[in-house]
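See the structures that follow.
Both complexes shown next keep subunit A, but they swap its partner, so subunit B is in the first and subunit C is in the second.
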Partner chain A sequence: MVGNFIGVLFDGVAYGSLLFVISIGLSVTMGLMNFVNLAHGAFAMVGGYACALLMTRAGMPFLATLPVAFVVAAVAGIALERTLYQRLYKATHLDQVMFTIGVVFMAVAATTWVFGPSQQPVRLPEFLRGQVKVAGVGFGAYRLFLVAVVAAITVALHLTMTRTRFGAQVRAAVDNPVAAAGLGIDVNRVFGVTFALGSGLAGLGGALGIDVLGLEPTFPLKYMVYFLLVVAIGGAGTIKGGLVAAMILGICDVAGKYYVPQIGSFIIYFLMVALMIAFPAGLYGRRS
Partner chain B sequence: MAELLVVDGVTAGYGESVVLDDVSLSLEEGDRLALLGRNGVGKTTLLVTLMGLTRLHRGRISWRGADLAALPTHRRSHLGIGWVPQERLMFASLTVDEHLTSVARPGPWTPARAYKLFPRLAERRGNYGNQLSGGEQQMLAIARALMVNPALLLLDEPMEGLAPIIVQELMNVVRELAEEGGMAVIVVEQHARLALSLTRQAVVLERGRVVHRGPSAELARDADTLHRLVAVA
Partner chain C sequence: MADAAETVADRAAPRAPGAALVPRLPDARWRPAEVVFWLAVVAAYFVFPKHHVIGSQILITGLFALSLDLILGYAGIVSLGHAAFFGMGAYAAGLLAVHGWGEPVSGLAVAALAGAATGYLTSFLVVRGSDLARLMVTLGIGLMLFEAANQLPSITGGADGLSGVAMWKVLGAWSFGMTGSTAYVYSGVVLFALFVVARRLAASPFGLSLRGVRENVKRMPAIGAPVARRLVAVYTISAAMAGVAGGLLAQTTQFVGLDVFGFPRSADLMIMVVLGGAGRLYGGLVGAAVFMIAHHWLSDVNPIYWQFWLGLLLVLVVLFARGGILGAIEALRGRRGMQR
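== the complex of A and B ==
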């Protein structure tokens, strides 16, 4: 019973880790750049497809595809940001929503057209399959791997934001874009790089998540609500908020579906309503 | 001395509105200019127009002979315009040290030199932008602007709201910078006499137009004119 509970908790953490990696870029674009990007999940899908296709068509090993997934999604992100997104930074949120939902539909349709509507397979390496026994409790090896990778990414992200000159420039550009520009910081470039980084992380998350979330052309629609929930609950623009919110969502979703399967799918919505009433700006919201 | 900055017939404002009306002035390398006038006459607007933060309706701004109009704000900073904004515009989530390092560009001015100029900031290097007193914020705003290694320093009401003793300290620093550094300075200041004592020439604005220009010392002696153009505190 206790072992069971720990197992569910752990699965929730692994699930939450995935949500975090994918959503953190969305949190940045919404919180820092004030841009509503509903198409964020499309970048995760790009990473996922890069990973799946490199494995099935080019025979690349899973681990080797992960950096490629990051790069491909980051490049896709920066290409769209420079050509299209940038024009809508000053547009109303409704325009941004209309535009990005359009991008989602195009991504879904294009992916179906090119790769077909079916689920993409993933072949995990031998050592990431099966279970690892710790103190009598079995943990999925792949989920352990997930948690470890995400923990490393979180630390790296935190250090980048707090210890590097680039991180300081991002924070300056967010605190006061006018003053930052007036002191020589190229705010557009800083935001562009940040956007690419966020898209790349989504792509990496999409690749890491094939085994857990699945991968098919409707991926960006299917998980859009989850990504938005992470941002809404965590408070846009904070790494810590996103992490905590993703963990809460991951654990409650997995636990809800396991213990009360009849209403399992609704648990996160109850949770969201309750948390949004208690913390309208999110747990670590910047806005007053 | 060569012309550093030429403002020629500039009409500018925010959006459709016009705040500055046909303003012209010029500044040589290392020159010091006081920009005076009552509240709301467009002094700050002129400075932020130099930074490219307003809409330039008409006129020309040139820097060492090159037109500035098409340059985005951050590139103007790279050319060597150090902006000390009104209200200081601190970065709340950056430490004092990060305020300096995040904008620093190569040149004689380094964070270490700025700390030597303002020892108070060295003591506070780990504090965040919103954890400083008014005087410290102003020191940091000046130090931060020096990090871009400016050829021209724009000081927008640097003494506003500061205790007299801090004003004295800052005055000495600004004087030192202007006299030794070879840096050109434009000072916007409510305390007209203070600004005049720091500068060589003065320009007075009224409702967005230049209504007086001349040597600072002359204007400082002419109490009647000064009083008529600027409410002297």
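== the complex of A and C ==
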């Protein structure tokens, strides 16, 4: 029973870490530009397809595809940001929502057209299959790998944000873009780089998560709510908030579906409404 | 949105040089274009006698879009879960008929009540918070109701849907047949009646204060307008209308499926309103008609293409034609007016 509980908890943490990697870019860009981007999941899908196709068609090993997934999604992100998104920073939230829903629809339709509507099959390498016994409790090797990668990314992100010049610029721009620009920080450039980084991380998350989240053309729509939830609950613009929110969501979703399957995904929606009422600006949000 | 605000302001207070600024209510007289619009709805009945079924669907969706326009176009609440009220109305009307009361008009009243009650109760959650929080809360409420309907098959029929909705004759005279003729007229009359109500509402001081909230939330309390109470009121009214639309769908199709609560219904609805032009009342109706007809044609060709073109259309509308179809027409007319 206890082992069972730990197993569920661990699965929840693994699921939550995936949500975190994919959504963190959305959280930071939303905090920076107050831009509601429903199309963030499309970048995760781009990374996922890059990984799946390289493995099945070019025969690349799983680990080698991960950096490629990051780069491809980051390039897609920066291209879209510089050409289209940039025009909409001053637009109303309604316009932003409509525009990004349009992008999602096009991404879903184009992916279906090119790669077909079915799930992309992925064969994980040998060392990521099976279980690892720790203190009598079995953990999936793949999920352990997930958690380890995400922990490393989180530490790297934290150090980047707190210890580097670029991180200081991002924090300044999130706090007060006008004052940051007045101090000579090129907010526009900071935002472009952050957007590319966030899209890349989403792509990496999409590639890492194929085995947990699945990969099909409707991916951006299916998980849109989850990515938005991480941002809305955590509060836009904070890494800590995103991490806490992603863990809450991951654990509650997995535990809910495991222990009370009859009410299905009801728990997650209830939790979301309850948290949004209690914290309209998110757990760590500064802006409302 | 900014364009819409300008035209509204221009229409509300035409400034002659030297004239004092007199606050005026919007002109509530029926314009010729409006009369033509409603005559076209009547004419469509006779011109397309074989398409009464899709016609009635368009009218019902138009009513649903009208209800969203009240909160989106006037009060500026971005909702991704308006199907919640549509679904409540549909199930209320459907369940009433299944359990032995098939009288349509009173069924619609019950549907309106169901929508209004849900709207009133949830309005307090929606009124507070930022756009993002509202987006998430409306989305969450819609998804919760969907799950609830899905998990209560003993009441709602679950994924199989609610069948056995037996309707009596409308006003004891016209029965719902297979041709959809009764459905078209019935939906058309209900739509027109509720449109008149919405039109009156939009032209009233209440409607004007809603626009004030949309334009500047912070200034409205300063001129003595209780923002939260206004929003609760319009949200409830809008939910009641959406409930009626849902009730109409249940009665005319004599079936209620789980999709009445679905997220695609809410998203499509918002697309229709934006496509037609939000904040104009007719925008929702025009958007619903264009959307439904295009969908009807294009999804026969290939459903995937339909989604792609819909996405492209959305992107183009936001980039180049803010204000939608009606906004573009207004801009054209404005340009011609300048040349004259």
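Here is the rule we go by: the second predicted complex is superposed on the first by the 287 of 288 C-alpha atoms of A that agree within 3 Å, B and C clash if a C-alpha of one lies under 4 Å from a C-alpha of the other, contacts with A are read in each partner's own complex, and residues count from 1 in each chain.
The rule is short, and it goes like this: a residue touches a chain if its C-beta (ideal position, glycine included) is under 8 Å from a C-beta of that chain, and two chains touch if they have at least 3 such contacts.
Please read all numbers here as calculations on a predicted model, not as lab measurements.
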Once chain A of both complexes is superposed, is A:Ala168 in touch with subunit B (first), subunit C (second), both, or neither? first
Per-residue touch tally on subunit A - higher for subunit B or for subunit C: C
One more residue to check, A:Ala179. First (subunit B), second (subunit C), both or neither? first
Go through the superposed model and pick first if A:Gln262 touches only subunit B, second if only subunit C, both, or neither. second
State whether A:Leu228 touches subunit B only (first), subunit C only (second), both chains, or neither. second
Would you sort A:Met272 into first (subunit B), second (subunit C), both or neither based on which partner it touches? second
On subunit A, the footprints of subunit B and subunit C overlap at residues none
What does subunit B use to touch subunit A in their complex? 51, 53, 72-74, 77-78, 83, 85, 89-94, 98-99, 101-103, 105, 129, 144-145, 147-148
Could you list, by residue number, the parts of subunit C that touch subunit A in their complex? 1-2, 72, 76, 78, 80, 125, 128-133, 135-137, 139-141, 143-144, 147-148, 150-151, 267, 270-271, 274, 278, 304-305, 307-308, 310-315, 317-319, 322
Listed in rising order, the residues of subunit A that touch subunit C in the complex are 30, 36, 84, 87-88, 91-95, 97-99, 101-110, 112-113, 225, 228-229, 231-232, 236, 262-266, 269-270, 272-273, 276-277, 280-281, 287-288
Which of the residues in subunit A come into contact with subunit B in the complex? 165, 168-169, 171-172, 174-176, 178-187
